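I'd like to ask some things about the structure below.
Note that the chains take the letters A, B, C, D, E and F in the order they are written out, and that residue 1 is the start of every chain.
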Amino acid sequence: MSGKGKTDLIVNGKRLDGRKPEELRPVKIQAGVLKRADGSCYLEWGENKVLAAVFGPRECLPKHEQDPYRARLLYRYNMAPFSVEDRKRPGPDRRSQEISKVSREALERVVFLENFPKASIDVFVEVLQADAGTRCAGLTAASVALADAGIPMRDIVVACAAGKVDNEIVLDVNKIEDNDGQADLPIAILPRTGEVLLMQLDGILAPEEYKRALQLAVEGCMKVNELQRNALREKYEKLADAGEQKE
Amino acid sequence: MSGKGKTDLIVNGKRLDGRKPEELRPVKIQAGVLKRADGSCYLEWGENKVLAAVFGPRECLPKHEQDPYRARLLYRYNMAPFSVEDRKRPGPDRRSQEISKVSREALERVVFLENFPKASIDVFVEVLQADAGTRCAGLTAASVALADAGIPMRDIVVACAAGKVDNEIVLDVNKIEDNDGQADLPIAILPRTGEVLLMQLDGILAPEEYKRALQLAVEGCMKVNELQRNALREKYEKLADAGEQKE
Amino acid sequence: MSGKGKTDLIVNGKRLDGRKPEELRPVKIQAGVLKRADGSCYLEWGENKVLAAVFGPRECLPKHEQDPYRARLLYRYNMAPFSVEDRKRPGPDRRSQEISKVSREALERVVFLENFPKASIDVFVEVLQADAGTRCAGLTAASVALADAGIPMRDIVVACAAGKVDNEIVLDVNKIEDNDGQADLPIAILPRTGEVLLMQLDGILAPEEYKRALQLAVEGCMKVNELQRNALREKYEKLADAGEQKE
Amino acid sequence: MIVMEINEEILWSVKRDAIRALIEAGKRSDNREWNQFRAIELAPDFVRKAEGSCFIKLGNTQVLVGVKFAVGVPYPDTPESGTLMTSAELVPIASPIFRAGPPDEDSIELARVVDRGIRESKMIDFDALCITPKEEVWSVMVDLHVLDHDGNLLDAASIAAVRALLDARFPKYEDKKVIYTEKTKKKLPLKDVPVSSTFAKVGSALLLDPLLEEEKAMDARVTIATTHEGNICAIQKGGSGSFTLEECEKLASEAIKAGKEIRKQHLK
Amino acid sequence: MIVMEINEEILWSVKRDAIRALIEAGKRSDNREWNQFRAIELAPDFVRKAEGSCFIKLGNTQVLVGVKFAVGVPYPDTPESGTLMTSAELVPIASPIFRAGPPDEDSIELARVVDRGIRESKMIDFDALCITPKEEVWSVMVDLHVLDHDGNLLDAASIAAVRALLDARFPKYEDKKVIYTEKTKKKLPLKDVPVSSTFAKVGSALLLDPLLEEEKAMDARVTIATTHEGNICAIQKGGSGSFTLEECEKLASEAIKAGKEIRKQHLK
Amino acid sequence: MIVMEINEEILWSVKRDAIRALIEAGKRSDNREWNQFRAIELAPDFVRKAEGSCFIKLGNTQVLVGVKFAVGVPYPDTPESGTLMTSAELVPIASPIFRAGPPDEDSIELARVVDRGIRESKMIDFDALCITPKEEVWSVMVDLHVLDHDGNLLDAASIAAVRALLDARFPKYEDKKVIYTEKTKKKLPLKDVPVSSTFAKVGSALLLDPLLEEEKAMDARVTIATTHEGNICAIQKGGSGSFTLEECEKLASEAIKAGKEIRKQHLK
């Protein structure tokens, strides 16, 4: 939030991209898009394009990172150099390492890691085009890829942000709003219980605004969770169709 | 030694900070200042502030660095980024790696490493504020921290420098003298025998000057060694008091 | 190939260094020049000066790189910082890593690696002075060093380049010709069969030119192979002489 | 260095159950209230070579923060604003499990969370750090040097960083050269004083300013930075456990309360 | 991460004999001719934040190439020429044996071979990329992002890179600042359209556009880039096997032929 | 690469006792006096691409030193002085225990000790390397390339570096560009010729110019650089053993003596 708090981001109740304050950007989710990965998901969220892949459970290496009681969960968030306007140098920077850490923590208790002692479950997220909200998009895609890989989970984790723009609490902040807005509050939840697994805030919110933003973000999460479930259903239906045709 | 050999560093037999040529800067030593470390020492030497910590003997890792006959001694000299006027980038540079090497070598035969096969004894020195003489201050503090950790040693190693400033041989060169002086000769010795364990020279000395500087540095070492022993005594007296109070 | 295709590189059928189009630069080869290495070779090729050393077969480390069925072949091409006009930063850059890879691949099936399971055979090439053609010079020297180390091989690999300069196909391009010429085609072959083990091309060649350049490069290889064999013979004769003198 | 860490881990896994039982019984080993900070000792201006500095003792946790100034080129998209860079070193002096080397994810998170609290509160007036637009601006470098780790590095480092910034003074700048040996009386242009409060969640218990042993036993953690007007300006949730929405709201109120207290006592 | 690679290796060593037998019998598992490319699907302008981009599906191999422009200082020895930089990331998403980390020799070779094909064909008119001699030139950065590896990354990346360069458009450049959000209609000054063709050698068989399984079974490999006039402009032989001189010549002719076809269908 | 080093170590630990016994009996395996250098062969100007260079053979130890010049910006605190940078690579060609990779502490010490001898003797008149104050000065880069390690790299590298500096000639500098292909006749402005002498201590024996086997058996080492006027200008003690004050003084005199001899024979 460079947070100049510009006041022309919402005009007549509409945001610059035509959305209402509590409206999501269009979200498209497709499961099972890669051949080599055990599970995968391609996700578009507004102008964001991310690809998630899951490998595992497989042997955890190096061996000294093996845990005799549960699988190790690896999460790597990576931006393609051309995904942003100023070319990003390849390799992890401090921002992506932090995002990898909080995203991994959001998944660690949701995946039944205890089912796979000594193994590793590796989640890789590639941001192909970035337009604010990539950590939420990445985590949402990762969750679908985990399900696509058949990894047992308590629930499908889903993420979405709310924010403050033009003194109003809005859902799902885009790039311009992120640059000139006042606050961004990405969260991830367990849809079944509404518990918060990831939460970060950049920017100033009064306590009441914070409460409202939290609620709005949860509502956004629930909508995106529908799309996650649809994508997985579609994938299985296709598989089933293919199975029937074979018979 | 940029060694311009300026001639206004000693005026009427007094140095710029008021010291006589053979006078030490004030030295303060405190043992046992950290909770997590096995032994520690905080030391102020003029404007220098250093902190030393010892961990071990503990298992030596990675395992291929284990020595079946003796402990490995690790020594890491590190400067805090804000310890010098131009901010130093974090991490080891060539100077600090060299200082770590010669400091470790000065301690290697003094510690009874053969008592702890396969173990590691790790010495960490953090320079919090630097003003010429940090390698001597660090090694002097490290020695106290080793004693504080109860590591058996032949003797308490102590270090001090002599130098040439304004054509005169002086004890314990400070920052201004180091910048504009003619030579700096840091040494470390075993106080019991006077044997030299560390010696480096930067700058030009005639053979007679070298001899005089060596003697002066040894005298400085003996004075600082007194303060080391006092600091350890104080620490044990406090412990004893605490012990008595408990009873 | 910056490939401006300048037209003054061949005048009256002679190249700028006096050579005819199909003429090699002078090549000097000396085997067994280092004490510590198991095999070594010093080679001058025009203004190029390279040194190759071989260590092994020795235990392959780290252990996870051991192959139970054959030795690992390591090849490291390295340029000394002062070997080129603009000082090169020490350490591998992308160019030298590529050269190391294609050179290693050229040797991998020629050395009887299967004779030494779990071992490593390490080839190190240092470019001391560079003047175009260092990958060929290095591989040619490496081959002699392998023979000098007594490593069993199917044949002595040899390398040489042809190129296009001033619209003419020429042998063994030098630095000026490389900068201003039109194409450079380094190859390495097995002299006994003429099979191609390394081939790279930079620059534009018509199919007929490519055919002619290939042939010319093979001819160059055969000439250099003679010098390799002479150098090894000389080395063994010296050893034999020394042996006789001892008796 | 792996086995040591595992040994340290084994040690903690043994202690963990006892610690959790105590906490579930509503007790903390140092008898603090759940929403009480440990005693805080600050030694401001500890490092005279730095433009600003503060040594903090938060219980047995010790951190030294130094602030250095330099003159640099502004970022192209903010040509009239100064810059802030926050780095953290978890030097091996501070804990048996810290290792020398490039920053790992824990030290990166520490630096970024402290940075976020400062930056998002708008504490520093970056526009006032401009010397010549597009060409020269002051850059402020905050280094967090952790010396003894007994829990809650985030708040310890954050409080000391804010204090070091409050006290920092510009060096002389003449003929395009910074003269570090001469400090002026000019202080940083500041607009707020953020305070960071970190809560651990252990089972159903919530604990402000966790001890190391409480961190080892915790399920999750949340760090909330608040402004002097009683707003929230930065949050970082950590750990693999979860918070309910109610907890999220409750802890925000507590953070605002705790922030007021710290600000009054230590950051004036 | 070693054991996984070995397991992957064991898997392939088991399959290798069967694959080689099939190939020696003159068959490919997807029934292609020896000198036939797999189906190619291109999604040009896939990434709108880049100045040029192309997503390619070559069979099941998927690569995304992005082209970014920047303004920089020319090299001292070519003060009036723009620059080209090609990088490759074999991100772990694409294969169980790829690892995160600095580029290894395979990704370096991939980037350098794609770069060589572009550079040596004289595709880009670097002199036309000069803004102010000695001071400002355009630099073109090509990033090869491998997403799914089912063989022949070299040609997939090369074809997508050439297509991304064909479509790329300059961003606005004003007051010494590149405005990436505003693309102009101006395209790169191009002089040729190189096409890369890679052949695997398995026993005595030669196979254009090898599948991953064919690469695992191959003895050697050669990549030949050709120009629109039917010349050869770059070669890279790989693998530890050898080619006869006759094979070298034959494959050059085939590469010229294949190049014409690809150019006609996908790179206009 | 660890086990190899241990094997090499085991080898040496077996030999060590025999070597020490010989030395204690007052003998060296090559029959030299305790204060005698091995035969020195220099091949000056070995690398014509460098501005200065010298190949040295000190017994079987072989080192190649190259000196390159460049024009750069001076350090802010010495705006009218040129700069010196000395680097060392212990390339794996020179010894079975050297590994490729970033400089380790041995190569750092080698570079810094050679640098210190040159710098502290005031050999180079850095003020005469200024082209335009604050803007352009010559920087001298000395690279120590170790080719065969049979002991006493410190003196071998130092002698070759000094000789390379003595012979080095400036390249042409025109229109703010260094033209490396044209060397001028102008040599470096030099004020002294330092010589480095290294002594090993084995038991009570002191040995000038130690062989590798003597280094493997030694307790400690001291390197003393001396000036042409017979003063001492740099010292580096190494190894975990100790020297008495008397030894420190004695070796300083011997270093001055040995320095005179080397200077007369090889560095004129």
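The rule is simple: contacts are C-beta pairs under 8 Å (C-beta built on N, C-alpha and C of every residue); 3 or more make two chains touch, one makes a residue touch a chain.
Since the model is a prediction, treat every value here as computed from it, not as a measurement.
Listed by label, the chains touching subunit B and subunit D alike form an empty list. The chains that touch subunit C as well as subunit F do not exist here; no chain meets both.
Of all chains, the one whose mean C-alpha position sits at the greatest distance from that of subunit F is A. Each chain's centre was taken as the mean of its CA atoms, and the one lying most distant from subunit C is D. Note that among the pairs C-F, A-D or C-E, C-F reproduces the B-D interface, with over half of its contact pairs the same by residue number. Taking each chain's centre as the average of its CA atoms, subunit B and subunit F sit 27 Å apart. Rounded to whole angstrom units, the spacing between the C-alpha centres of subunit B and subunit E is 57. Here the spacing of subunit E and subunit F, counted between their Cα centres, is 47 Å.
For subunit D, the set of residues that touch two or more other chains comprises 2-3, 103. Across the assembly, subunit C contributes no residue in contact with two or more other chains. Taken together, the touching pairs link the chains into one ring where each has two partners.
The assembly's chains link up in one ring whose order, counted from subunit C toward subunit E, is C, E, A, D, B, F.
If you check the complex, the residues on subunit A that touch subunit E are 34-37, 40, 47, 49, 51-53, 55, 58-59, 61-63, 76, 78, 80-87, 90-92, 122, 124, 126, 128-131. Chain contact summary for the complex, subunit F toward subunit C: residues 1-4, 7, 46-50, 53, 60, 62, 64, 66-68, 70, 87, 89, 91-96, 100, 102-103, 141, 143, 145, 147-150, 180-181. Taken together, the subunit A residues at the contact with subunit D in this complex read 1-3, 64, 94-95, 97-98, 100-102, 105-106, 108-109, 185, 190, 193-207, 210-211, 214-215, 218.
Interface residues of subunit D facing subunit A in the complex, by the touch rule stated above, are 2-3, 6, 78, 103, 105, 108-109, 111-112, 116, 120-122, 222, 227, 230-245, 248-249, 252-253, 256.
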